[in-house]
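Both of the next two complexes hold subunit A, though its partner changes from subunit B to subunit C.
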Partner chain A sequence: MFRITHLPVRGVALMLAVAIVCASLLVAAVPGPAQAKERVVRVSGWGGTDIAIVEELIDRFVKPQVAKEGIVVKYEPVADEFSTYLMNSLSAGTAPDLFYVDIYWSHGVFASGAVEPLDSYLAKSRVLKARDIVPDLLKAFTLNGKIYGIPKDFNTLALFYNKDLFDAAHVPYPNANDNWNTLTEKLRKVTNKSKGIYGIALTPEFARFGAFAYAAGFKPFDAQGHTDLSQPAFADAFKWYTGLVREGIGVLPADLGQSWGGGAFATEKVACAVEGAWMLGFLRDQAPNLPYGVTLLPKNPKTGKRGNIIYTVSWSMNAASKDKDAAFRVLEALTSPEAQQWILERGLALPSRAKLANNPYFQKGTPEAQANKIVFAGASDGYVYPFSFGKYGGDWMTPINEALAAVMSGKATADQVLPDLTARLRQLTK
Partner chain B sequence: MKMADMPTIPRGSATGRRSKVSADLPRPIRPGAGAAYAETIQPDPRWIARRRWARAGIIYTLLLACSLLFVGPLLFALLSSLKDNPSEWPPRLDPPQLNPANWAAAWQLGRQGGGNGWFGQFAPGRSVSFEVRYLVPPGAAAVPPQVQVPRRVPGAGAGAVRLGPFAADVAEVSPPQEVSRQPLARGTVVTYRFRIRNAGTVAVDRLPLDVSVPAGQVFQGATLWPSRQERQGRVQSWNNVTAGLIPYVFNNYVRVFRENYSRSTGQNLFLAWIRNSFLLATVRVLTTLVFAAMAGYALARLRFPGRNAVFFTLLFSMMIPSQVLFISNYLVLRDGIWGLAQIWGQQTLLNSFTGYLLSSVVTASGVFIMKQFFESLPASLEEAARIDGAGYIQVFTRVILPLARPALGALTILTFQGTWNEFFWPLVVLTAPQDRFTLTVGLLSFRRTYGVAFDWGPLLAGAIISALPVIILYLVFQRYFVEGISFTGTKG
Partner chain C sequence: MRIRRTQRAAEGVAGYLFLLPFLLWLLIFFAYAFVRSVYFSFTDYNLFQPPVWTGLANYLALFREPLFLTALRNSLAFALVVTPAQTLLAFLLALVLNQKLRGILAFRSAYYMPSVTSSIVITLIFIWLYQRQGAINYLLTLGRAYGHLVLAGLALLVLFQLAQVLLERRRGLPAGWTDPVLGLSSLFLAVGAVAALVAAGVLPLARPADPVSIIWLNTTDRFPQGPISAPIPLIAIMLMNIWTTAPTFMLLYLAGLQDVPRELYEAAAVDGAKPWQQVVHITWPQLRPVTFLVLTLGLIGTLQMFDQVAIIGDQAPLQSTITLAYYVYHNAFPPGAIPRLGMASAAAVVLAVLTLCVVWLQRRVLRY
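Take a look at the complex of A and B:
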């Protein structure tokens, strides 16, 4: 017979507690497993198409170089929301040794002190020197005179045009000599030629409009770090950009059921779009037979210069990394001339090393190689600024984007919104 | 439907025929009304029938409308996931993938290419016969189309960096031959035929095709409907002519599986994610069942000191949003539960299934469900068992657990679908390597893989696949779901 008793709950709990305390003491007393001789360098970036590129890069160019020094590279791509992941893991002390930093949110990360300045490593290095890198790119990752990242690749804006639509209207293609006025004339002819066709797709975003404002001579920040939109250059660019849409030459992608300029371009209803090399993969997929050409953005007629925006991403080092020398060795291999040449020749991204500007790849006749050449050239032609607004981040652009949207959708005129916009930016950056 | 509810209707002209029927019907009883009156207000049975049908009709129409409203987005997503361009505008409700004529063509072409109809390929030595039809306007000369097998890589995803083999390297296209002419009022429809032969030595899984004609000729049709038309109809373009039936209809689904593999381990990532989600959900269901049942029973039936304190702690823990705890939970996992994980050799529990599972062995709401259920069972059942000599363990396993099947069923389903759909915690805990993601986190990574090229098809296909287990679960276990909701008042 089974005798019914009360469960000795208190006893069991006590025993459990003692067991746990003993176990933890035991664990604390026993030293952890002896650290292996391996010098592990954890490398992280965002996922997507990058994964295949970086994996191959590491296999081909990094592992053979660093394996003999006992360095093991572990690649840990992150599914999405990389900046959030990076901030969290830097705070928690679980961040990788090398990671991507996008210029757009770089200021906060660099200013936090969690990223290692690379100047001393660059000074010592025999294969990676600051002068090897395209200067405008390196400048973008420099804060208070210190270099916090080596740009891995970059993008700028270029003018993509649909050859069919220009041919149909018997209008010459846009070219590098065009300025705002001559381009507007060409676009007007294309627009007037057939119904439902527009000259250019323009988005109400500083990320595109900014290139034209810079061309007119607009400076986003003065020496004191204030933003003054009352510069005539800004108003000129604003009126020209929004005027194209109001005149019916330009069209908002949204009016064609698209979310961005590239989407509108692929519908073959717009003759031009202002985008970067990210268009290439999209067109390859969605419009493989679209006969497109690419040229530099038009010059401002007054300044005679172009403007452009640099979008770039760096490899940066964790300031809390346990083996910084090993991490820098991996960084050297990741940005080596051979690695960058391989990336370029596969048409995957534009290299940050200045010498690769003369690479034979750029002389290839394919539209993609041509496009990459133009995008590469855009980084050092005229007034070029990185896509970064210091500590203000996206807040700096929001009022401008709102004003662009209001004018381009016909809710207000440029003269109505500009005074208020100037005041808002002055308030923000005061 | 009670007769007393029916409004009264004066007799109509058909009284005589009705009296037979009304004998079977209960008479409406009206207080204060005389028998004679009651006789005169007999409701018309045909009217009742009509009324019943009308009510059923309204209810079914409403239910159908509601279900369409709720299921509509899912059906639309399902439809879009089959399309080559899911974000096409305006959206078509009859994509070529749903046309049986194209199914037959895809099957035929897949077989001609050396595949088996279900899954095609383009094998060495095989040749594929293909026809295209164009309308030539009156007065214009019919110009044979130019046919080309392009060297095409997918724009996004792992496919974008693949090295081949490419069909363009092995395919030989015969010059298009005119097969027939059919005069119509608006012009002449000319049919051309050509053959594509694999002259190489390797089998290729994709055979893309571009056919272009001079402006003015209008595309009428082809053996297989093209994936897209470009340059104002001048170019017809196919992604894969010898796809076979399944990759043709379920192109995005096949891509999800084929294009996502880990380049370091060679594992198929999408399968790995599905497996991970299943594994984690199953283990968590088991631990939840065991611990929630035991804890719920203890709280419901056993008398021990501190019982109320435990119960109130439990209740209190249910009131704290998990977002508040996630930083501390993360830190605990990072340090391997204060170093305890070193007992079994783990320095950190981040990026490990053990850590993920340990952090949620059982939920307070699970214990709560079981406690409430056990309290609803009559105590006399246990008393009877004890009189028969059963101990606590025996009472629990032999009497209580079999009775608790409905509650356990509800708990199983709630836990399974909760874990299957859980997103935030796996995103935080399981960040690397890729083949350790759960399906939800894997789908998020698709946003970067495909979304960057606006290639939304695989993302939609993946989402549909991830919804399937829960939909099946709902269909099979509807009853338990309802019970689960009635136990807790919540849905998981």
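Take a look at the complex of A and C:
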């Protein structure tokens, strides 16, 4: 223990302490940069490949439109965990004015009351009308009769096939007329155990399996909002999907050291994969020489229909935004026909405006344009549901995914897991 | 006298002034946050609507939820396996690195690397190592193909050593069982004998064996089978965690070793204590305070394990890796649904109480 005995030293110590305290208080009190009079609209979405796209979109189509009204657009992408960031910032009052909302977690955000309904703005707008947007997409972002987001683009599932593997086995390519039975036969012929070639890569996830359950006529929620998995349609699809893997025609991507169907497809060990247009950029980078084709998902032999899942993202507005009119002006520019045309032609995503369905781009013969055409068509062919499970979110899919994994890895049979699975979903949605 | 008193009072004020920034920080970010969490744990709160008081409902719901019970089991298993393992490994590493060898500093730095590397980076590297056709399965494959040669070599080494020591003793020379010079020649003899056996065709060079393809991460399997088992992905995280945290505790043990008085070893040597007896009867008891610290920090760290589970993320099924800390996060921001802050806070309180209890129990057992 040392003691401060000399006055000067003690004085210095005291002054130092006071200085530290003052400094720490000052740091908190320093005002931010003075607010300018310009109308700032903060725009945010997730990072990754989106950053370059949105930056160019804003520079080309948004800034020239809104600059004369004194509106300044600030783009603030968030690298990771976007939904966490958004929940936090919305509840704390620091959220941006316009932001992405993924259909998957849209219900909770819309129900929170922190997102502005857009109906009155759409009614007043001269350039953006509700009828311009693909109706199924707009419906996906509608809650209790109010529109909470303008879909910016969308994706569905399609069947990607490796032409080389089908040629080598002298099997005709899958096509739009295939049903589950004819496709199974084709896949069986392509499968070659000795060469380690499988017919199709299937993941134990509702995000892929769901499209087939829907094709069989499965309805995720009844009129009361309950889930009943005892519908025969669900068991039929479950047994067909898991049976492909149990028979050795299908394979789990994990068994090929891959985490998703696209990764497995790029190894050229599987003839087919069920994925969306996000495969195009991946294949361009990872397997540029893989000759692939794309067709619609097979029809269910009983219903004669296809099923599909719509993945879509909207631009939504903060209900606490300071300048909502400015924010809507920016939203109009972001979803303008010119902006969507540019996105489509760059092959970046599929547009949400209905008129673009007949765009000349889709008539191009390139595999990518063909794939985009198939994915676009998938949204309105048969039983199609958005990738959203209301307030339950991921909790709704977890039991189904676990059951799929147990059966597809051979630990249990479909008949063993289905009763328990049905009970779990009934309990969850009661 | 009076000058003394004011002087002392001023000193006290200066002390508190120095403490003030840290006290404020502690009050705002720990005390206030803790009190708020405890309050939220008794409410239904989703960040948007004001919290609604629900009493003990969250706690009752927690102990009925299978995922929470899984997380609880996983966390306890993790702490029970990792804490003793990393403590023992840290102690052994410290003993080895406390030798006076040329270039020991280089070894110390090398062994300390896992602890100074970001756990994110390490986890990403381990995800690669744990792949089905990754380095760990490859090493196991090598072990399966050539393991019999190593085993045969070890057996021969022991045999040759026994024979040599007995021979020396018969000649009336004092030779210990672990005599290093004899050991070296036994090693050469054993390697030569294995080579000869392989050349003569008695031992096959490589046993025909399928490549090992253990699924380390993307599986719901458990190991070992039976009532006491852990999910394989959790075991993979345990191995990784032991490897990354042991060097930190090794540093504490190294510091402790500097304080053990030389005289004790000298006295023990005079009394004829062997090196391993010195370790067991002098080093280990002298390091008791360090062991207490290492165990306490280890228990707290392992019970609150979060980052490595979060990074492994989708690579492994949730129920096979989820720990209590990750369960808290999973409920605060459930995928695709609105925050469940009440449940998350209740789980956080349970985790805090559990950590306190385990550390208290450990204090009682070690009686330090």
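General remarks:
Heads up, the rule we're going with is that the second predicted complex is superposed on the first by the 390 of 430 C-alpha atoms of A that agree within 3 Å, B and C clash if a C-alpha of one lies under 4 Å from a C-alpha of the other, contacts with A are read in each partner's own complex, and residues count from 1 in each chain.
Operating definition for what follows: a contact is a pair of C-beta atoms (placed from the backbone, for glycine too) under 8 Å apart; a residue touches a chain by one contact, two chains touch by 3 or more.
A quick note: this is a predicted structure, and the numbers were derived from the prediction, not measured.
When the two structures are aligned on the shared chain, A:Glu55 is found in touch with subunit B, with no touch to subunit C.
In the superposed pair of complexes, A:Lys391 makes contact with subunit C only, with no contact to subunit B.
Shared-chain residue A:Gly113: touches subunit C; no touch with subunit B. In the superposition on chain A, A:Glu402 contacts subunit C only, with no contact to subunit B. Of the two partner chains, subunit C is the only one touched by A:Ser83; subunit B is not. Here subunit B and subunit C are compared by how many residues of subunit A each touches, and B touches more.
Using the contact criterion defined above for the overlaid structures, shared-chain residue A:Trp278 touches subunit B, although it does not reach subunit C. By the touch criterion stated above, A:Asn289 is placed in contact with subunit B alone, subunit C being left untouched.
Of the two partner chains placed by the overlay, only subunit C lies in contact with A:Asp255; subunit B stays clear of it. Shared-chain residue A:Trp105: touches subunit C; no touch with subunit B.
The residues of subunit A shared by its contacts with subunit B and with subunit C are 3-4, 10, 20, 24, 88, 257, 259.
By the touch criterion stated above, subunit A contacts subunit B in their complex at residues 1-4, 6-7, 9-10, 20, 23-24, 27-28, 30, 32-33, 44, 46-53, 55-56, 75-80, 85, 88-89, 92-94, 164, 257-260, 262-263, 268, 278, 280-291, 346, 348. The part of subunit A that touches subunit C in the complex is made up of residues 3-4, 10, 13-14, 17-18, 20-21, 24, 81, 83-84, 87-88, 90-91, 104-105, 107-109, 111-114, 254-255, 257, 259, 388-389, 391-395, 398, 402, 405-406, 409, 411. Chain contact summary for the complex, subunit B toward subunit A: residues 85, 89, 150, 152-158, 160-161, 210, 212, 228, 230-232, 235, 237, 263-264, 302-305, 330-331, 334, 338-340, 342-343, 345, 347-348, 350, 386, 389-392, 394, 427-428, 431-434, 437, 441-442, 444-445, 447-455.
Contacts from subunit C toward subunit A in the complex involve residues 7, 10-11, 13-14, 17-18, 20-21, 24, 46-49, 131-133, 215, 218-220, 314-315, 317-319, 333-339.
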